[in-house]
């Protein structure tokens, strides 16, 4: 049984990797297994966690859960062509709630917090020793403020990027590009360790070639 | 009517959730919504799972290209369903957690789904390399900046970056690549991130308002 | 020969390769390691081939992306066989952890908490293995536990690995007397807090179900004051931050930590404040620890793999730009 | 020696501070004749027992701006609650509901000096006390007075948040109305969106389908909603051009909504018969299982155009690189900053953050929609002015102590931390 599980895992691992060469039956088989098993996995998980865990175990204490269930049921009316349009109601409910929730969340966490965090002194004086920030710190603070400011200029929709405004927008896109480059470089490392883990499985756990 | 009712529901629910932030007695609405959403999602799953089965059964019946793989998908789906819903092989029978160690569900997850998922994820290592090769070219000023930033960060995290600029005296140690990498992460990168995040915040507000006010309705009753 | 035939031959070769080595494993072939000269040859060959790719590019012949994939695969796989190691500069925080462990008198009890799951294993498992190994070499007693559900499983894998070493096996270490796995307990930071007054209240029995009081190693371990040192291997919450704030700050536990590369930078604050007795960060941390401990295992190999992969990515960025400048920046290039 | 140490280590300074307070308080209380002999009475015969002082100055107050569902407790930790080698192992809060029996409600870590009881009801009254826990026993404090939670109808703490929300919303609505009345509004070109028609046209010419991926989040993510609104416009173009679209999704709800969206577009284009439910299919909720299936579809169906719009996670690059390898024109967009660089690297056009949300408005070309974009810019202007003003104010105040600037900065802090 242990041998079987090991070979099965290895077979599927290689099947996925074979996609890098080209699409082939081995990959198709792995993909078909993956889709079937994982869809089943999620039906089961959602069934036990949400339907049983949240609804069935909870409705005695919280009768309002039936509203959720009713909305869910309306969803199923899609299967009846004549009154299928009723299934738009739960959708409308979800869209409304999502919009309302995210509007406030983004206002608070993305706008207010980020603006607040940018308001930092460019330099400050120590109690006795004059400026206590070195030139490096001053430049860094300036870079942050200028970068945030010009980055926002870039996102302006209602003004053409011309003249001084266009110049600022251009500086802004420079900053955004540096940001993208930096986060790309930063992620490369963690991506490699995933592959190392798989290689270790194939060459170590499976074939026992490495320690 | 068919258009008005959904728009009205969206408007009322959206407004209610915005206002609830300021009215303590409505404070639980968010939690309530999340639970309702989860329940609706399960019902929707009957449609999704049903659709998955229908597509593959159709493929099988019409002997479309690759229909053999559809059998595998249907089989996998059914096996997982039966194993999970009836909790086959679970040590504590039906009362135990569905993914208790020792159950069939748990074993299939570990020797099938986990390696598949981890390997698919690890494909990123290859794609990161091919994307770097193809896309990081100094085509123009923007691309050059992207390239340089990525290059410095990458170098700064390898021993070569340390070796390359180790000779730079400590007085200008910022120019040593590892330090430069840290500076880029903490200054220009931070600035760019903030601009993007504030922009996103405003985009979400505007988008949500359009939806709540019914200006944007292409997803529901269509634009006339 | 048609492509189809070539593919079938390749598939056959892979199958044969797998079967041969799988049965080899069962027959006890042991592991493989390139001698230094071979490692050098491999590296030189890879370097030369990259140079060749560069020359091809200069001549205007672009390579296709599958070639890049092959390089990545080899850059990651081959170093796993190499005994040769890159010169590793060892950071002071790694020395610090090693010294803290080796300076403990024989028989001291070391608590190791496994707070991670399989996805972080490539980074943290090598650390776990070498730390446990150092403990056993120095005749320290090891108590493992986990605040993450899959932690104790990872601990068992690490223990199994360490016992593959004949020198360790020869010590004839006994479960329950020389080491013990207390298992997982839910409750995150509250587990740490309660352990401050009683280990037993949190771990009434060990991973295998033996009651706490019947395990000779821990029978007299009431709380942190009966533990001489601890190491936390962490991939997030709950992890090093919680251990430092509760066990270290409140109960004066001596602790070192191993972290994933992503979260290690945050921990330097604790290190500098003296709340941590050493820190291993990511694969390089694991490799450095192995270097200090004087042997090479997974950490070094993984680190080598990672460096190779980085070099390959950097090399292809350079090659890509050469290709671009050679074409006179005229046309928008699209690598095939 | 001890002073700089305390300064660099906040918790330590707290622990130096508490004993002083406690000494002062105990002195005061004995001066008023309230004997604090409790410590003496709890000395137990057992020699291993560890006695500890109870907590002092236990206060209870109503949780402000809530639904009458919280009470807040404050106390000064036990004098024996030390940072190192503490006798105290924690605190246990006891509660008496409507003068009933005392029940423990929570155990807390040492060093903790407050607790919010969120399990209270409007019409009940509550009395609390806190016991100091040691290894050998509990040392209870005096009881609080009886209190009932109060309900507040408006959360005034979030007043500024409300004002900011109103300003931004009002600006957006104002420009929507202005545009409705026929005033022409300028909106700059967004390259990725200009390319959509061309990209769909190309698919038609080549006789190959369009692939649309709405991210992997469910309908409770506003990015998915943005993707669906764009889908509305794109599928309209597709219907007009008589192209083909296929759309594998990883959430059942998204499948339902996407079908509705495409159907509507086909109806609007006057071709309801060309619509077919099979355009949108559910695959699996599993992140990488979905990716495996989409990658397979890409290389088999060879779409000419790929849209990757919505919430993407680690899979972004896998999808984008596969799409690139089949030579499709790719238009991507997400509001997840970590994934944007991968799209920039592998796609032809990328909508960066805010542009994703602006897309459907831009594509519609409807004046009202464009007005909302102009309204967004007002929000940006506010953010930019605040940043400039704030930085100048805090710099002047910190470096030269300009008084009015200190006030301005303090006010800005108050306004922007009201969330």
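In order of appearance the chains are A, B, C and D, and numbering begins at 1 in each one.
As a convention for this text, contacts are C-beta pairs under 8 Å (C-beta built on N, C-alpha and C of every residue); 3 or more make two chains touch, one makes a residue touch a chain.
Being a predicted model, the structure only gives us computed values, none of them experimental.
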Inter-chain pair with the most contacting C-beta pairs: A-B
Subunit B-subunit D separation of Cα centroids, rounded to whole Å: 16
Centre-to-centre distance between subunit D and subunit C (centres being mean Cα positions), rounded to whole Å: 34
Distance between the centres, which are taken as Cα means, of subunit B and subunit A, whole angstrom: 4
Centroid distance [mean C-alpha coordinates] between subunit C and subunit A, Å: 26
Multi-chain contact sites of subunit C, meaning residues that touch two or more partners: 65, 69, 72, 76, 119, 309-310, 313
Residues of subunit A touching at least two other chains: 10, 16, 19-20, 28, 30-31, 34-35, 37-39, 41-42, 46, 75, 78, 88, 91, 94-95, 97, 99, 101-104, 106-107, 109, 111, 115, 118, 145, 148-149, 152, 155, 176, 179-181, 183-184, 187-189, 192, 194-195, 197
Per-residue overlap in subunit D, given as positions that touch at least 2 other chains: 161, 165, 168, 219-220, 222, 225, 253, 256-257, 260, 283-284, 286, 288-289, 292, 337, 340-342, 344-345, 352-355, 358, 373, 376, 379-380, 383
Topology of the chain contact graph, where touching chains are joined (line, ring, star, complete, other): complete
Parts of subunit B lying in touch with subunit C, wherever the complex brings them together: 114, 118, 125-126, 128-130, 132-139, 147, 150-151, 154-155, 157-160, 162
Sites on subunit D touched by subunit B in the complex: 65-68, 151-155, 158, 161-162, 165, 168-169, 172-173, 176, 218-220, 222, 225-226, 228-229, 231-233, 251-253, 255-257, 260-261, 264-265, 267-268, 278, 281-284, 286-289, 291-292, 314, 317-318, 320-321, 324, 335, 337, 340-342, 344-346, 352-358, 360-361, 364, 368-369, 372-373, 375-376, 379-380, 383
Complex interface listing, subunit A residues touching subunit D: 16, 19, 22-23, 27-28, 30-31, 34-35, 37-39, 41-42, 46, 75, 78, 87-88, 91, 94-95, 97-99, 101-104, 106-109, 111-113, 115-116, 118-125, 131, 145, 148-149, 152-153, 155-161, 176, 179-181, 183-184, 187
Sites on subunit D touched by subunit A in the complex: 161, 164-165, 168, 185-188, 190, 219-222, 225, 253, 256-257, 260, 283-286, 288-289, 292-293, 295-296, 299-300, 337-338, 340-342, 344-345, 352-355, 358, 373-374, 376-377, 379-380, 383-384, 386-388, 390-391, 393-395, 397-400, 409, 412-413, 416-419
Complex contacts: residues of subunit C adjacent to subunit D: 65, 189-190, 193, 196-198, 246, 249-252, 273
